[in-house]
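This is the structure I want to talk about, given as structure tokens.
Letters A, B, C, D, E and F name the chains as they come in the text, with residue numbers starting at 1 for each one.
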Amino acid sequence: MLHTVNASPFERTALTCCLAHAVNGDAVVLIEDAVYAVVKGSTASAEIVAMTEGVDLYVLGPDLAARGINRAKLIAGITEIDYAGFVDLVVAHTSSQAWL
Amino acid sequence: MQPTVPAARIEDVDVKISVLVHAAPYTHQAADTAYQFILAAIAKGHAITRVFFYHDGVNIATRLAVPPADDRNIQKCWSVLAAEHGVDLVVCIAAAQRRGILDEGEARRHGKGDGAANLAPGFRIAGLGQLIEMGIQSDRLVVFGA
Amino acid sequence: MSDTAIAPKIIKKFLYVNRKAPYGTIYALEALEAVLIGAAFDQDVSLAFLDDGVFQLTKGQNARAIGMKTVSPAFGALGDFGVTRLYVEAESLAERGLTRDDLMIITHDFENGTTGEVPSIIVVDRARMSNVMAEHDIVLTF
Amino acid sequence: MQPTVPAARIEDVDVKISVLVHAAPYTHQAADTAYQFILAAIAKGHAITRVFFYHDGVNIATRLAVPPADDRNIQKCWSVLAAEHGVDLVVCIAAAQRRGILDEGEARRHGKGDGAANLAPGFRIAGLGQLIEMGIQSDRLVVFGA
Amino acid sequence: MLHTVNASPFERTALTCCLAHAVNGDAVVLIEDAVYAVVKGSTASAEIVAMTEGVDLYVLGPDLAARGINRAKLIAGITEIDYAGFVDLVVAHTSSQAWL
Amino acid sequence: MSDTAIAPKIIKKFLYVNRKAPYGTIYALEALEAVLIGAAFDQDVSLAFLDDGVFQLTKGQNARAIGMKTVSPAFGALGDFGVTRLYVEAESLAERGLTRDDLMIITHDFENGTTGEVPSIIVVDRARMSNVMAEHDIVLTF
């Protein structure tokens, strides 16, 4: 299953809720304000490291660029994708769930 | 930047995708992300079964918005998408009535006066059944909201 | 509505995921409207209540004092629409200081036509909720 | 139930209060809470300097909404408030243009056609300066949003 | 200063942010979905108890009633008010701040 | 605009509180629009950035790839509008993995007309931010 999260982890609990339900083999795509979650040294990134074992984590590059987050600031283990890569992920998983 | 999704996990090049949009334009990025996602899907050769606008997403369909000249015009982006790629843009009738988005028939039926209809070109208003139907008829359904 | 005339051959498993509290936002109400319309389509429909969505099912709601419509009684009608599975997450209840006793009693008739009523609410733990989500073809979130 | 706010802390019975509303009707409760708050303030003898609608709050002012018959009509509640208590309801012009809320002058200026104006009775469209002005002219300013 | 919070503490961080900034003598009014915060035994109520020393805490009764939360379920030290009481609080404080 | 012709006698201290990230929602942009209009009113105007609001001030923003307008350059013009105090909360930065160096440099001219520029961003701790809020007559949150 593919999970999408679009809210800032500092403002909403959606990412935590998502990670609590993502299971081995699932993928999580962070889009929009959720991309702030993968900035190194943030309290959110610590949670992600702790909770995503066995889960593939993706982040939408255009949303990183908009927010001025360059790749050097990302925690390890994150795959950056563009909109086409997002489409590929949707196609690759039989179902998806948005954590709004 | 190259997307690094493993190619082996991609099942098909002609997948039917439907999209559900829940959030108001400008206020939330959801309408923008959904639009970019759909452009990318079309570019990859997938088919967009339908886009269904629900909750405040129905406000995307107003023809009366006049955004600043240096900003994108979200409604126009979608109307062009419908015109150029034949994407079926369906606005939920119940959600639209509650929020004041009416086509000509609805405007007349509710006595809002001539010329009051504010549904933009390329959108149509229909029932929630269209949401269920698009779920049945497509291979994938993606939700964008707030 | 002409929508119901489509009579699709395909039957898919639809899961309506409710994660928002009622009244503060409209999501609970409009999700329920979607469920009730969707029920006419002869699909396999279940509902999931987790996170703040569990508040939708609490007893004793009365929105008169805030000038709104009370949403909760409509859940009682779900059984008549053939919607008989309401999965509720145990951890979400506990985090919010709620127990099963704080929830409304929602039932549906036995499927085989014999008399008697079956509870529609199925309290599941978080791991089971993940499975429920994975078992469905379409996950609609509101 | 008795409110238990210490009476000694209440300064005045004729305070000028202004209200800022940020959120879309129906979707968020903010418009409802603001409305109930204002009714209570008027009942207590306070003066409402102005209500300013910003962000998606401008959508409260559409005359085209047709909510279900068993629900409240938020726009009508506010229009009645303006008519019965003379409350000044100001919709931010920039926020309104972006979201498709236009009065007759705006609708004409942007070529939207006769009858297209969708601003409800009792509301007026004006600039953000009205927000600053109400802050200056009132004793208290309260924000309701989402 | 009077602070208002209207979001569920389980969905958003606004209440935590507010309590981190409320100082001795301030008042906090919980309205709309924020009223869920004062339900006894919830994780949010534990945080409230820990963070509101010296702060007056109010909850809007009509919002409790709508949500079926009766008084027996509230943690101690909360004052229930109606819309008129809310107006009184606004009047009693020279400024107010909404944590949206 | 006729609004500016009012020329009020009263001068109040306005604080615009920014707690939302840019781009994901419109609040940052529309708050800035309000600040720029408000600056014409000869009031005492300050801005506060805390929680996700600190993201509004980060360097290197470019919203072209998401089809939106880049908001951040407009902060550079605040000084010209007489808005010279941007309070930024240190704890909010730290929680988000940010330091002062991640923020744009925003300056204004010396008030006494001598040449040179003064930084507009004032990083304060949480306790001081509470004081800043308390010191203002009008707190506008977006």
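Worth pointing out:
As a convention for this text, a contact is a pair of C-beta atoms (placed from the backbone, for glycine too) under 8 Å apart; a residue touches a chain by one contact, two chains touch by 3 or more.
Every value quoted in this text rests on a predicted model; they were computed, and no experiment measured them.
Taking the mean Cα position of each chain as its centre, B sits at the greatest distance from subunit E.
Comparing the chain pairs A-C and B-C, the larger number of C-beta pairs in contact belongs to B-C. Ranked by distance of CA centroids from subunit D, the top chain is A. Computed from the mean C-alpha positions, the centre of subunit C lies at a distance of 34 Å from the centre of subunit D.
Centres computed as Cα averages put subunit D at a distance of 26 Å from subunit F. Separating the CA-averaged centres of subunit E and subunit F is a span of 28 Å.
Multi-chain contact residues of subunit B, defined as those touching 2 or more other chains: 22, 26-27, 29, 33, 36, 55, 71, 94, 141, 143, 145-146.
Contact of a single residue of subunit E with at least two other chains is seen at positions 6-7, 10-11, 13, 32-33, 61-62, 94-98, 100.
Residues of subunit C found to touch two or more other chains are 23-26, 51, 66, 68, 137-138, 141-142. Applying the touch definition to every pair of chains gives A-B, A-C, A-E, A-F, B-C, B-D, B-F, C-D, C-E, D-E, D-F, E-F. Touching subunit E in their complex are the following residues of subunit C: 20-25, 51-52, 55, 58-66, 68, 70, 72, 95-98.
Within the complex, the subunit E residues that touch subunit F are 1, 13, 17, 20-23, 94-100.
Residues 24-27, 55-56, 59, 62-68, 71, 75, 94, 97-102, 106-107, 110, 112-116, 118 of subunit B touch subunit D in their complex. For subunit F in complex with subunit D, the residues that touch the partner chain are 1, 3-4, 6, 8, 10, 12, 14, 26-27, 30, 33-34, 37-38, 40-41, 43, 137-142. Interface of subunit C with subunit A (complex): residues 17, 19, 50-51, 126, 129-130, 133-134, 136-139, 141-142.
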